[in-house]
Structures are given as structure tokens and as C-alpha cells.
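Should a chain be cited, it is by its letter among A, B and C, assigned in written order, with residues numbered from 1 in that chain.
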Amino acid sequence: MSEAQLRRPPKRRLPVEWLGILPFVAFAMLFLIMPTMKIVIGAFQSPEGGFTLQNLIDLNTDSIRSAYWTSIKLSLITALLGCAAGFAMASAVVFGGLPKRVRSPLLTFSGVASNFAGVPLAFAFIATLGPAGLVTLWLKTEFGINLRAMGFNLLSFWGLVVTYLFFQIPLMILIIIPALDGLKREWREAAEVLGATGAQYWRMVALPILFPSILGTFALLFANSFGAVATAFALTGPQLNIVPIKLFAQIRGDVLGNPNLGYALAFGMIVITGLANVTYIVLRTRSERWLK
Amino acid sequence: MTRFFAWTAFLLGVLFFVLPLVGMTEFSLKMRRGEYSFDAYRRVFEDQRFWDTFSYSLILAGATIVFGVLLVVPTAYWVRLKLPQARPVIEFITLLPLVIPAIVIVFGYIRLYNTSSVLPLTGSALGTDFLLTMGYATLALPYMYRAVDTGLRTIDVATLTEAAQSLGAGWITILARIILPNVLVAVLSGAFLTLAIVIGEFTMAALLNRPAFGPFMQLLGANRAYEPPALAVIAFAITWGCMGLIQLVTRFSKHERAKV
Amino acid sequence: MAFLDLTNLEKVFGTNRVVKDFSLGVDKGEFVSLLGPSGCGKTTVLRMVAGFETPTSGSIRIDGQDVTDQRTNQRAIGMMFQAYALFPNMTVADNVAFGLKVKGVPRAEREARVIEMLQLIGLPDLASRFPFQLSGGQQQRVALARALAPQPRVLLLDEPLSALDAKVRVSLRNEIREIQRELGITTIFVTHDQEEAMSISDRIVVMNGGIAEQAGAPFEIYNNPRTRFVAGFVGTLNMFTAMVEDAERGLITVAGQRIALATGAIEARNGETVNLALRPEAIRLGRAVSCEVVLPATIEAVHFLGSVIRVRARVAGTVVALDTFNRPDQPPPPLGSTAEISFAASDVILLPA
């Protein structure tokens, strides 16, 4: 073969291999990519079809701003609490000297609970912490504690936080238990023998090793609660001012009075979950230099 | 000391998870004044809409699973066998549904496939059912793909394929008779997870205006007091059943392997 | 008093007595191996010294100080584990510096010490690598450097070579021994590999079922095993049964041959059966000059191992293994042929029943 031939890539054959994933690519294009692109493009289109930034500018109203802010707050808090509580339970089971028997039921239950979201979950919490719920009544009759008078209302921000934790915590448990299992006993013993305290071991060895997993779960939990509609809708109806509920109402009845503002609202959601994931990927690559 | 904290964390968690379950069960039994009864459940089961919406969602779940398996198994197999360079892209795509909220995706469907578009899927009931099935397949994609790909990792795809080819098997035969049986456990796990996700799904079904179980539950919740917790108990039992079946097939397969 | 003193150590897990009344004194700078099959308690002894297990009873002293109830991180010891114990999130340099860092050693001093340590293990260029970028042998070298960096009083080695392949195993064990000598650090080495133990130890403690069966220099253990277990576990052994003819004069018979034992009188009654043992290298093929006992044999198998040829021959109803050196002018005997074997009465090891 001459040098020129070597340098120039040979004439492309029909890439037969790529045909094998054609159905998948077609599916992804039609039902994932294009619908999303439609939203993204729509966010920059005027009703007449021209390019405009007006939709995004129009998002800047008190009501929409506060909806975004509430949604972000809700997602951050439930992701944070979910990670913390899930981590506490998982490490209690893995390191806390709890009997081995509790581990497998906990994992199974977490699998169930992390999928027990949406409408039925809202019902369960209404029956428990709602105005006539089991715990509410019990606290009132047995201890004279009136949750409502103390400012707790299930159909409010904090009520939503408590409800979301029911699927956020198990999700964290499901992901973090295998990661905790991956911590080798030798690492802890090596650290101890070298003079490290338990706290030093966690700070310098265990947490840095777990960091990517924790971070990834955090991003997942964030997106999980940011996009959740059903639980909030079944719990509070259309009244709570968070982005997914607002978008839901907009799609159903154009409550914003401007179809293209709906695109912008949805586009904002993609941007935020997207940003959360980009942050995650960046942090992860930086913290995983020591992996292959 | 550690043990004390461990037990505290664990028991607090258990309390948090058990209370709502006890709460919904207790509430669902309180329909009759002054005594526990199954009246709420009877009301639910006497409601024709319950059966209609439930079977509708069940059928859609079945369709989603069949479509998902037919889509994911050959793709994951092919990527492992011939297109390892496409892996990162495919994996990225399969993870997208975890990032893009379902409500955004379905919003896109409504605008993309409305009656005035090239592909007016929302124009007919059947078209909308198809669209909803595709939506569910999208929601289930991350789990399904992950499960199947993990299953494929444990078998030597290339060798099995070459062996089958040397015996004269075609692609369909290889997929149906060699690959699928070997990843059956993974496929079943993915299938039951899909069922758990789809059966009570609310957002997509409600926005596409289809008579599914999720919107029915929401509707009942807005109008009744005792039936909703009964529905929650039923939904929880279904989810638990799905997860139990996953455990069952996994354990069964381990048993099978141990025998060999 | 020895530098490291283990006195009457006992460890009970549930109803299982894993270590029974174990006592051992290790002198400063000495290299002692705990040798035994898995489950013999050797690792448990080591883990008690490290402080990972608390002895059920007994005491551990290092340099005169009782450390039995001291926490691991207070004991100032170094330890190497079987494998993969390097912190995967840290570079080689950070791994080696870890012990100094938690002690609060200032940065400059730490860095100097790391360089010194990496030079000691012969890997001065790998400071910024991560563990996954190293071979198994390199990882274990770094683990050694990490253990030695804080200048521990005692070095504990928990089968550090078992996960490596044969060639690396041999070169690394010699390197470990050299470094140990150079630093004069008191060392306990746990292994189930008798060849490994014999090649690098000052002293070996053979353990079985939680007790120390015998302690001594490798030469002593190999040539004068005190129990049947030690004899069988350390090296290959050929066993014969013999009849005591005259206990007072040390006369016994094997396959009709009378042997006068070098030990003289033995503790047995006349007419009793006793067990004899012979190392493969003590048995010669053919009549050798210094060997007064000659027995007829049938050749059953020949294994050519290179410099050594191991022959299996049937003698008096049992199969014995014997080693001869390879000599180009002397091909091994054909299978099935008859031959004579011989050995010296002084090489016979008389085992307790």
C-alpha cells in the first residue's frame, strides 16, 4: 500500500454494523430527543414562529420565579435529607453491628418504597399526617399535641418534603449500600494501624472513596424530586406553586395564557436538571482521578 | 456507642417508613363508623372504573414490556458484540429519562404529535395509546437497559454468538434461543420493574387524557375519603409483588446455577 | 524480657477457642514467622498484636509496655496486608505519607521521609501514581513503605505475598528481608507457605489448632521436628512403621532390616510399633557409601524437576519419595524396575506415636 493510500481513509463502506442499532436510534429520536428538542426550540420561538428571547424574559414574573425557587429548594432539601438519612441507615446496617438479618429485608423494602411514589404515596401520607390522619389524631388525643396549631400542614412545602423523603431515602439506601460494601476492611485497618482515628479514616479515606457515589445519588435525587408531579398533585391539587405543577396546569389549560411560555417553563426545567447533572459529571470526573 | 447510634438511626428510619403504611391501612378500614371493615375495598372493587382503568394500565404495561424487551435486548447485544465504540452514546441516551422530567417529555409529545402535525398520533385513541406506550418505554428505558446490559456482562456474548453461528444459527435464532434465555433473569427483573412503574403512572396518562389507573386514583382521591387509602394499600401490594417477583426470579436463577 | 512479649494469649470466638495459651517472645530486630495451615490461629495472633482483636486472656507487651488494652492507633506498629490495602484514592506518595500526616508531622519532613521510603523500596519514580496504575508487586512494596514510614516499633506481615505470582513472590520476600535487616525492625510474618517461612525467618513458630507446636530456627524445625504435625507440615516426609526390638539399645526393624538408631535408647516398649520419618533427600537410590540401611524397592514414578529428580518407589508396602540430583551421565531409572534404596540410621527421625 502506498503512503498516499495510507494517509487517506479508504472509501467508506456502508456501515452495516450501525444498522443494528437503527431501531433504537429511531426510537430515541422520535420519543426522547425530538420531543425534547421541540420544547427547547419552542422556548425560543414567538407565536408566529420567529426567533425570540421574549418567552424566557416573560418567565421573570413573581409567580414563576417563586415557583422555580420553591422547586429548587424542595429538590435540594429532599435530596440532602434523603442522602443524609439514607446514608445513616445504610451505614447503620453495614457498619453499625446490626444483625445480618435486617439487611436483606431493608434492601427489598427500599426497592418497593423507592417505586412507591405518585398518587398512592400521597394517599398514604394523607391517611397518616393529614388533618384526620392516624398520627395527627394520635398525637392530639394522647399528648394534646396539635400539629396544625404548631404550623405543620401536610399540604404545604414541608409536608411535601416529608412525603418525598419516603422515596428519596430508599433510593439512597439502594445505591449506597453496595458502595459501602465496596469499602475494604483492609483500608480501615490499615488506617488504624497507621495511627488514624475513626474520624480521620472517614475524612481521609472512606468519604473521598464514597464521594462519587454520594454525589451521583444526590444528583439523581434532585432530578427525581424536581420533576415529580403526581405526588404533589395528588397531595395538594393544583394550588401548590412549584414548577411541575405549574407546567401541568399550563399543558392542560394554558393557564399562563401564552402557549410558548409553557415551552419556556419546561425549558427551564431541562436547564436546571441538566445543570445539576453537568455539575455532577464535572465533580465526579475530578474526584475520580484515581479510578480507571 | 456506635451500636447505639446505629440502632437509633435504623429504628427511626423504620418508624418513618412503617407509620404511613400503618396509617393508610388503618384509615382504609375505618369506613364504617365505630368498627373496622373492608367496606372501602368493597366500594373500590364494585366500581367498574377501577377494573376498566386497572386492566387498561395492565395491558399498556404488557405492551411496554414487550416493546422494551424487543428494543433493548437486541440493541444491548449488538452494542456489546459489534459496536463497543457506540456504548458511551447509547448509555448516555438511556440515562436521559432520569434527567429530563417525564412531564417535559410528554409535553413534547403533545406538541410534536398533535392533530395538525405530520404524525397525528394524538388524533385517535389507538394512536394516543401507542404514544403512551412509547412514553412508558422511555421512562423504563434506564432500568431496562441497565438490567439487560448487566445480564449480558456475565455471559461471553462473542463466544456464544460464534458458537451458534458455527452451528448454522441465524441472528433471530441467536437472539431468541441463545441470548434471551441467558439474560432472562435480567429481562424479567426489568419487566417487573417496568410493571411497577407503569401501573400507577399519573403524569403521562393524565396529560394524554387516557383512562389509566393513575388518573383514576387521583380522581377518586379528590372526591372520596376512605377509598383512596384502600387504593394506596392495593398499589403498595402490587409494587411489593413486583419487587418480590424480581427477588424470586433472581433467587431461582442462582439456585439453577448452583445445581450446574 | 523480649522486645515483643506475648504471654498466655487466648482467643475465643463463641464456643471456638481459636488461640490456646500462646506465648512467644520476639527479640529486637528478630524476624519470626508464624507458620501453619489456614484456621490454625496464626492470623488471629497477629490481629491481636495489631489490636484488631482483643485477647480473651493473656497479655501483649511491646518494649516493656503493656499494650493489651491499647487501641490499635496508639500502638505504633506497622502492618502489611494480603493485598489491595493501599488507599485507592491517594497517590503513592500520599499513601506513604498517611501515617505521618495523621501524626501531625510537618509537611517538609513528611515529603523528605516519603522520598527516603520510596528510595528504600526502589520505586522513587512512582510517587504520583495511583494504586490502580501499579502492578501487584509494586503495590505491596508501596504498602511496605507506608507501614515503615512512621517508624513503627513492630512490623506485622499478614501473608503479604500470597496474592502475587511465583516469581515476584520470591524476589519480594528477599527484598522485604533485606529491608528488615537494614532497619533492624522487629517483625512477625504470617504465612502458610513453609518454603517462604524457612527462607527468610530467624525463627519459625509452627502452629496447629491454636497452639504453638514448635518454635525454632528453620534448620532446627526442619531437621528435628518435635511432633508428627510439624514433621508433616514442614517439607515432605516419608513415613515407615517399625517394630521395636530393643528399646534400651535403640534397635528397631523395618521390613526385616535391623536399624540401630543414632539416639540410642528410646522411650518405647519392646514389640511396640513406632513411626519413623525420613526426608526425601536423606534417601539415596542404590547403595551409598555412608548409608548402612539398604532396602529393596520398585520404581513407581519419576518426576524430573530440573536440578532435582524426585523418584517415587514402593518400599516395604509404602510409597516413599526420594530426591537425587540430576546428573547428565545418569538417566533416571525406568518405571517398574527394581532398585535398592539406602539411608543412614542417623537420618531417621523417630516420631511420637
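As a working rule, a residue touches a chain if its C-beta (ideal position, glycine included) is under 8 Å from a C-beta of that chain, and two chains touch if they have at least 3 such contacts.
Being a predicted model, the structure only gives us computed values, none of them experimental.
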Open item on the list: Which category does the touching pattern between chains fall into here: line, ring, star, complete, or other?
Closed with: line
- [ ] Have a look and report which chain pair racks up the highest count of C-beta pairs in contact.
- [x] A-B
TODO: Using mean Cα positions as chain centres, tell me which chain lies farthest from subunit B.
DONE: C
Task: Separation of subunit A from subunit C, taking each centre as the mean of its C-alpha atoms, in whole Å - done: 56
Task: Between subunit B and subunit A, distance of the C-alpha-averaged centres to the nearest whole Å - done: 18
TODO: Name, in rising order, each residue of subunit B that touches subunit A in their complex.
DONE: 2-3, 5-7, 9-10, 13, 16-17, 19-24, 26-28, 71-72, 74-75, 78-79, 82-83, 86, 90, 93, 96-112, 134-135, 137-138, 141, 193, 196-197, 200-203, 206-207, 214, 217-218, 221-222, 225, 228-229, 231-232, 235-236, 239-240, 242-244, 246-247
- [ ] Under the touch definition given earlier, write down the residues of subunit C that touch subunit A in their complex.
- [x] 50-52, 71-79, 81-82, 84-91, 98-99, 101-103, 130-132, 143, 146-147, 150, 156
Task: Touching residues (chain side subunit A, partner subunit C) in the complex - done: 184, 186-187, 189-197, 200, 204-205, 208-209, 289-292
Open item on the list: Give the list of subunit A residues in touch with subunit B in this complex.
Closed with: 17-18, 20-21, 23-24, 27-28, 30-39, 42, 85, 88-89, 91-93, 95-98, 102, 108-109, 111-113, 115-116, 118-129, 132-135, 165-166, 169-170, 220, 223-224, 226-227, 229-230, 233-234, 237, 244, 247-248, 251-252, 262-263, 266, 269-270, 273-274, 277
